[in-house]
Amino acid sequence: MSWTAEEMMTVAAARALAGRGSCFVGIGLPSTAANLARRLHSPDLVLVYESGTVGAKPRALPLSIGDGELAETADAVVSVPEVFNYWLQPGRIDVGFLAAAQLDRFGNINTTVIGDDYRRPKVRLPGAGGAPEIAASCREVFILVRHSRRAFVDKVDFVTSVGYGDGPGARERLGLRGRGPVLVVTDLGVLRPDPVTCELTLTQVHHGVDPGQVRAATGWELAVADPLGLTPPPTGEELGLLRELVAGGEKV
Amino acid sequence: MAELVGLAEGISGLVRDGDTVALEGFTHLIPVRAGHEIIRQGRRELTLVRMTPDIVYDQMIGAGCARKLVFAWGGNPGVGSLHRLRDAVERDWPAPLELEEHSHAGMANRYVAGASGLPFAVLRGYRGTDLARHTRTLAPITCPFTGEVLTAVPALRPDVTIIHAQRADRRGNVQLWGITGVQKEAVLAGHRSLVTVEEVVDDLDPRPGAIVLPSWVVTAVAEVPRGAHPSYAQGYYDRDNRFYQEWDGISRDRETFTEWLAEHVLDPAGSPR
Amino acid sequence: MAELVGLAEGISGLVRDGDTVALEGFTHLIPVRAGHEIIRQGRRELTLVRMTPDIVYDQMIGAGCARKLVFAWGGNPGVGSLHRLRDAVERDWPAPLELEEHSHAGMANRYVAGASGLPFAVLRGYRGTDLARHTRTLAPITCPFTGEVLTAVPALRPDVTIIHAQRADRRGNVQLWGITGVQKEAVLAGHRSLVTVEEVVDDLDPRPGAIVLPSWVVTAVAEVPRGAHPSYAQGYYDRDNRFYQEWDGISRDRETFTEWLAEHVLDPAGSPR
Amino acid sequence: MSWTAEEMMTVAAARALAGRGSCFVGIGLPSTAANLARRLHSPDLVLVYESGTVGAKPRALPLSIGDGELAETADAVVSVPEVFNYWLQPGRIDVGFLAAAQLDRFGNINTTVIGDDYRRPKVRLPGAGGAPEIAASCREVFILVRHSRRAFVDKVDFVTSVGYGDGPGARERLGLRGRGPVLVVTDLGVLRPDPVTCELTLTQVHHGVDPGQVRAATGWELAVADPLGLTPPPTGEELGLLRELVAGGEKV
């Protein structure tokens, strides 16, 4: 049986949701992983989308964070101000799922601009959206990003969403109440913050990946945990459900 | 009481050069046709406000309507960049575009403050981000009871707010359901408002999840079937995901965009997209 | 996930002596039976929070449950005074009652701040009134953008919030419709919550105007038919206006009140009112 | 044809609503007057009750501000925080209707305590409710109160809701954006603020009332306008509709 690196990444992210009660979901891989988790091991996982759909149970993967399917299957549909003020901000939600164009060693995220000059960027990215407050207020943050030196940089060009800022104590100083990014899942492995330095450390490589590959794809001197964990390959059930989801899902 | 008008009349009556204009609709019920009418009428120097600028704002920016953009996330959902927005920011085409950049939570609360007649709103946000360095419409604020430092954002009060809804009755009461986003706040925050609707009906029978904007807080209502395409109107039509994908190609270069605009928006005989 | 419990179990598990307890319901869906159970269980030294203390708070105060009242309007709607409340404030019977007095807008915004995880809320209110002289939980706050001075009120975070709703499903999702008041904010602001419902059903079919509180933000749900009497539950029973009028006579003097309490609340064999 | 002083008072208040678009209504006489106005001359008058019912069209007089009838006939039912924040506070509503236990010469209202000691009052009144913000934010305020020296006092024991404060300029200094109490309707006549001094002045007596009666029932040296207006007696239509309303209204 074979699988793509993206499938491995999505499965690893879905596994990490086991035991979590609620998840603030962005579109794309996070949404795929969260919906896979609901089908695999967490049927009661509460999916909250920033469009205001609380407890959505999409029968097919939504293509946008505001698909009608999300509203039709949600426990409650609330206004956008309400979903941010009453649901996200108080820290009710266990896991916030974020993507990143750039990610630094302290888990700070850039989705705003590439280049030094904010006013005249090399590349203008979409911007913050809901990410800064998701990163600030969810109890924990998972980040999903493909591994490359372009993405994993020593210092992000723009801090859109705060991870551990400039290191230990930064979140407390800033009054950020969530724990911050406890997990980064990539197509090569899994990084976790060092408990002392808060620096993202390679704690796990996916089946068939060499740690050297990961270090080579990282823009800073990546620390590697010893012993280094190994992600078990996707099971047939995981791959089957994932492919079913991506193919359009079990329409009910 | 809201006046029932034609779309062209509604836009010409409410939107002026230099206005601050908000078109809202969070993925669902995006007032795309109203944006096209603003392009057709050649409005200029607009400050465009929107939580999630997407295709219709890409079109308005590419068409040269905008001087400034107040926003939180500007992209083609599920597809990628907004090439016209990027061309304006990165290369000043067709004109330079000033950015006032916030987060979704910040934008939503700015509308809430506007709707509430307050000069500002308070939230937990922005602290430690570079937005706090580049966006002037942010300020720290200290809780007078706990001493905790939070962030204040100023109220948004658009000159005109434009939204799309499923239905209105003949007296101008507006009803929308499904994902209703920030539309109520945006309309109540605006000095004037235009609501385009799928249909005008005799009676607004109650619907689960529906909100109603009473006629007396709406300036004008225009019947514009499929007015939200390529976004969707729950109960009327689905999202045209293919067009979102096609837009990436259409908008990538200036020529294909300009041709598309001429054919589908500017040419009254053209087929609306 | 909310636990389905009996009323006595729910109150004994969630409400402790000295707690800050909010029973909310704005004219509609007032959790009267839950208040009676608090009286039966002999809770003491409670800080009672409610926008509009009416009959059920008059009963709890007269029964000696309360040390302090946080409120905006305390009366018998359409009838007159709350005699037990007045007896406590004017003559310390059965015990002195400390008052923390606000306006409706202030109380509503204090719940909003609590539900939003903010330490305070901002409103246009209180300026020039004597409330500003006597209520310590108020402070002026200056807009960092305009310099305008407004009023800040601290968040309400009850230890327990109790509301009554029409229905819940077996998983503990709660549905209420009609006038929903401040109940959502009160539940989300509370550290714990108990919802009494008219009935537990298999499925919560969507209803116009209904809001749903998902099971995971509710601590416990108890089925208590007619749990809001003498207030009303839309779709189930009407307001018992006669009892509101009768209460004036029952509550006027200590003896008739004490007898009424013994017969209708304390005596398990008594007929509930 | 005969009528009671209370009927005259209610009719006079209903007449004053002619030409107004929206009204924030308290229970009791204000609600009776507002519903009478809808039947007499202002069928489109928008009634807003603080229970969150916007555009209520009760077929019978509600007995509380939160009757089911109000929700069932409203254009929109919103939460209590919303009705105060989105609807009242921005000044969208033309007229706020208030009652008073005490009213002073500057239209300041007391509904909190009678007596000098707030902590140990002679009489504990219900309190503020929605009144302070209604008095602050509605474009205009109408006050309905029966005339007596107990109610019309030189200085209120407690300022629950601000009228003109200590006189000219006070509302502006306090940042109150509505015009304040432009009309006081009693069972004897009508008072309006003097345009210069802001002091409530008798501008109109009801049919059959002598100005001396009004001065005798007022706890300060009441100024009387010259010429003094006269309230026309209730018409048969006005009395008929009022009595029908009070008797239980035209149930549809």
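Things to note:
A, B, C and D label the chains in the order they appear, each numbered from 1.
Note that a residue touches a chain if its C-beta (ideal position, glycine included) is under 8 Å from a C-beta of that chain, and two chains touch if they have at least 3 such contacts.
Bear in mind the structure is a predicted one, so any value in this text is a computation, not a measurement.
The chains in contact with chain A and with chain C alike are B.
Computed from the mean C-alpha positions, the centre of chain A lies at a distance of 28 Å from the centre of chain B.
Per-chain Cα centroids separate chain B from chain C by 40 Å. The residues of chain C that reach two or more other chains are 112, 117-118, 123-124, 148, 150, 184-185, 209, listed in rising order.
The residues of chain D that reach two or more other chains are 85, 89, 137, 177, listed in rising order.
Under the stated contact rule, the graph of chain-to-chain touches falls outside the line, ring, star and complete shapes.
Applying the touch definition to all chain combinations yields A-B, A-C, B-C, B-D, C-D. Remark: chain C residues 26-28, 51-52, 71-75, 77-78, 81-82, 85-86, 89-90, 101-105, 108-109, 111-112, 123-131, 134, 148-150, 178-182, 184-185, 209, 232, 234, 238-239, 241 touch chain D in the complex.
Chain D makes touch with chain C in their complex at residues 27-28, 50-53, 63-68, 70-71, 77, 79-81, 84-85, 88-89, 112, 118, 120-133, 136-137, 158-162, 165, 170, 174-177. Across the complex, chain D is touched by residues 1, 112, 115-118, 173, 184-185, 188, 211-214, 216-217 of chain B. Note for the complex: chain D touches chain B at residues 21-22, 44, 46, 54-55, 75-76, 85-86, 89-92, 137, 177.
Contact residues of chain C toward chain B in the complex are 117-124, 137, 139-141, 143-146, 148, 150, 152, 154, 206-210.
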